[in-house]
Amino acid sequence: MIAVYPGSFDPVTNGHLDIIERSASLFDKVYVAVLKNSSKMPLFSVEERCELIERVTHHLDNIVVTSFDGLLVDFVKKVDGKIIVKGLRALSDFEYEFQMALTNKKLDNDVETVFLSTSAQNQYLSSSIVKDIARYKGSLDGLVPAEIQNDIYKKLEK
Amino acid sequence: MIAVYPGSFDPVTNGHLDIIERSASLFDKVYVAVLKNSSKMPLFSVEERCELIERVTHHLDNIVVTSFDGLLVDFVKKVDGKIIVKGLRALSDFEYEFQMALTNKKLDNDVETVFLSTSAQNQYLSSSIVKDIARYKGSLDGLVPAEIQNDIYKKLEK
Amino acid sequence: MIAVYPGSFDPVTNGHLDIIERSASLFDKVYVAVLKNSSKMPLFSVEERCELIERVTHHLDNIVVTSFDGLLVDFVKKVDGKIIVKGLRALSDFEYEFQMALTNKKLDNDVETVFLSTSAQNQYLSSSIVKDIARYKGSLDGLVPAEIQNDIYKKLEK
Amino acid sequence: MIAVYPGSFDPVTNGHLDIIERSASLFDKVYVAVLKNSSKMPLFSVEERCELIERVTHHLDNIVVTSFDGLLVDFVKKVDGKIIVKGLRALSDFEYEFQMALTNKKLDNDVETVFLSTSAQNQYLSSSIVKDIARYKGSLDGLVPAEIQNDIYKKLEK
Amino acid sequence: MIAVYPGSFDPVTNGHLDIIERSASLFDKVYVAVLKNSSKMPLFSVEERCELIERVTHHLDNIVVTSFDGLLVDFVKKVDGKIIVKGLRALSDFEYEFQMALTNKKLDNDVETVFLSTSAQNQYLSSSIVKDIARYKGSLDGLVPAEIQNDIYKKLEK
Amino acid sequence: MIAVYPGSFDPVTNGHLDIIERSASLFDKVYVAVLKNSSKMPLFSVEERCELIERVTHHLDNIVVTSFDGLLVDFVKKVDGKIIVKGLRALSDFEYEFQMALTNKKLDNDVETVFLSTSAQNQYLSSSIVKDIARYKGSLDGLVPAEIQNDIYKKLEK
């Protein structure tokens, strides 16, 4: 069973990494798919975001990090996937993710979205919070993997 | 009893149309009122949005499609209306719409907001979702009336 | 247009009364319909609950206070009604009332549920809260109409 | 991958059946596990509930219908399962199911809960609603499979 | 400033203990007030619940463990308190606690409710979950303090 | 005990003022701290927002109005504070504020966030609503203190 875990990952957090690891243990192959969204102003380029994810997922051998644009269901079909994985944190996630899951099911009935509950300690963690904290030199320990913390501080200095 | 159904309608969806039809069966006259909101960047102009609504409501003879700016309660009063109709979808709607209903009641105690529950199949449908799908040539069947689907595809090609 | 406002009303509160008054100004006739629910242990009998509602709605001449059992949509049809009125307070209300509205629409597509937003000062008021406070002789001012406060205190003394 | 779909199933609804079918297409084997909960007063006995589920899942060959008591994670381990499947409907589900998912992860870190979003038309469907409607002879079409509707009507006549 | 932390505490959990400790560091004196609620069937008697709380709060010297019945605001006034402390976990808590806070403010405008956010690892912890797990001999580590775990297992054996 | 009440206050509303007054009665000293957020386009400058707050809090002698940028916990520490005060209105507030409270606790475990429930009549009031109404010359009575209403109308005329 091939799964796709889509997101902005700007940058990848411990919450994302937790979902990646758990997906990797559930499915045969997991595409971590970085969305090219031209309408938002990301901190990191798509290429940088992919590189950061690769750096923290070296220990997982059934993960492919890639980027995509267009409809998610089209990408899932292109890689012979059947499953979209999403992590659910708090309430606002729930509403939006449900909307997307039902929409994707309407667009392609063969694609199934499965939700994993974000671990307790990551419930309220988001890429935005990470950037807010890093901007003012707050500690990122426990929020993002140690090996990418400096990339975030440096990027925000510019 | 005269009712006003306000919104952005950028563009009108099956969810909006469902609320329009149900309002038309409940009230003597229903103004479908397109908000001129200068602070947002709409896909369709106010005139185009009115035209699209008119095209899909020809079968209803107690509907008036129009636009307005300023305070909603002032518009309601101007057309001798007493009721504001809103469709409720999911949770985020609920919070914001409640805030607006209580605010409008404060501004004009004679105006009453009534909420209709969006039908199950339209629960997670929004103009934004429609535009996201159309942008990548996904199918709009079941999301917007057939007679306006091409207008949306064409507008997004430009 | 004939509307039905169903509920337990055990006992009627200022929140209920607010919805009754606003419904009476919106619709030609409003049935305030007390649910005979054999599975719950009410404080007041169905007859007592009807009597309390009648006592506080004497100023409204298009209100009929009555009781019903069976399916709500069957009762609505029996009285030639087309509309079910519900007041929405807080979030838990929203979920349950939506479920009922969609279910009732499925059972009888001609019956429409309209929701009115409970006024700010009644947002968190419920019959249960009223009984909890009355049990310990707390003040009911602002929570239930003055003319029925003694009935509640007396009933809870027994 | 072996999955367990636990629940009360009193009785099984179209919403449950939808989750069973989608789980069966995602996982190698799915245990539909009826909870023996002595503290609630079910309408159908555990044996009856299992029989009703079996009757509507004959078309699925990787489903095992069974019952369990004790901790869910212990049952999952006993059948060599790794996954708990839950359908998410509306908000109240979300809160409770998250609580259970995090608790089960704490009790056994090897067991993963995956959530499937209930289809739009089943969003507000529950066994309780089904019983309320059946009690008053309302139509169960679209709510429970045709082949078990009479069992529900009959059981409630007694 | 004297504060009151009311609850059922049937039994006290790590989540309660966290709120007790944080309240003790914020206020001069904190009454941990066990509600005598005759309408519920508790597992532990009021006396037992007080004793369990005392056993796990020996390290705090500005805590008084006691029980109360009647209106909470009356108890707060009796002990010269000004503040009600409540821990907020998830969404359902929020609704109910807000209702109670506004009601208590109505009953006594001098009493203020302050909410503390439950720590991430305790977000989904409740006395009910603890009892469900203990009933089937699941591990209570991380859920309730070690020194009262046996009391819970023993009580549920009876 | 020194507390900090942070916010955008663009402009201060009756809802903010209510929280300020209640905080002032709970804590020895309260810093009302206006956030310098360069990424948003405020209506009033930081200096103007401070001046408006000062104008409506002259009756409170343990309030200090000031501005800050950087991490909130750093500001709290700088003024020897221990408590962050936040008013909770509706659901969306709850989610975001919880996220911030848990994040701030992670950044500095000595700082505690306490939430006060916004009064019923201010539940749905926000600075954005105030500006929307003022833009169209709607009445601000009951929404912002009388002495600053003209400042808001004038600023929006420009």
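Order as written gives the chain letters A, B, C, D, E and F; numbering starts at 1 within each chain.
Here is the rule we use: a contact is a pair of C-beta atoms (placed from the backbone, for glycine too) under 8 Å apart; a residue touches a chain by one contact, two chains touch by 3 or more.
This structure is a prediction, so every number in the text was calculated from the model and none was measured.
Shared contact partners of chain B and chain E are A, C, D, F.
Averaging C-alpha coordinates per chain and comparing to chain F, the farthest chain turns out to be D.
Comparing each option in B-D, B-F or A-E with C-E by residue number, the pair that reproduces over half of the contacts is B-F. Counting C-beta pairs in contact across A-E and across D-E shows that the higher total falls to D-E.
Averaged C-alpha coordinates give centres for chain B and chain C that are 30 Å from one another. Residue positions of chain F touching 2 or more other chains: 91-92, 98, 102, 120, 123-124.
Under the contact rule defined at the top, the touching pairs of chains are A-B, A-D, A-E, A-F, B-C, B-D, B-F, C-D, C-E, C-F, D-E, E-F. Partner chain B is touched in their complex by these residues of chain C: 1, 22, 25-26, 82-83, 88, 91, 94, 98, 101-102, 105, 112-117, 119-120.
Residues 90-92, 123-124, 126, 129, 133, 136, 138-139, 142-143 of chain E are the ones that touch chain D when the two sit in their complex. Against chain D, in their complex, chain B makes its touches with residues 91, 120-121, 123-124.
The touching residues of chain F, counted against chain A in their complex, run 70-71, 73-74, 91-92, 95, 98-99, 102-103, 106-107.
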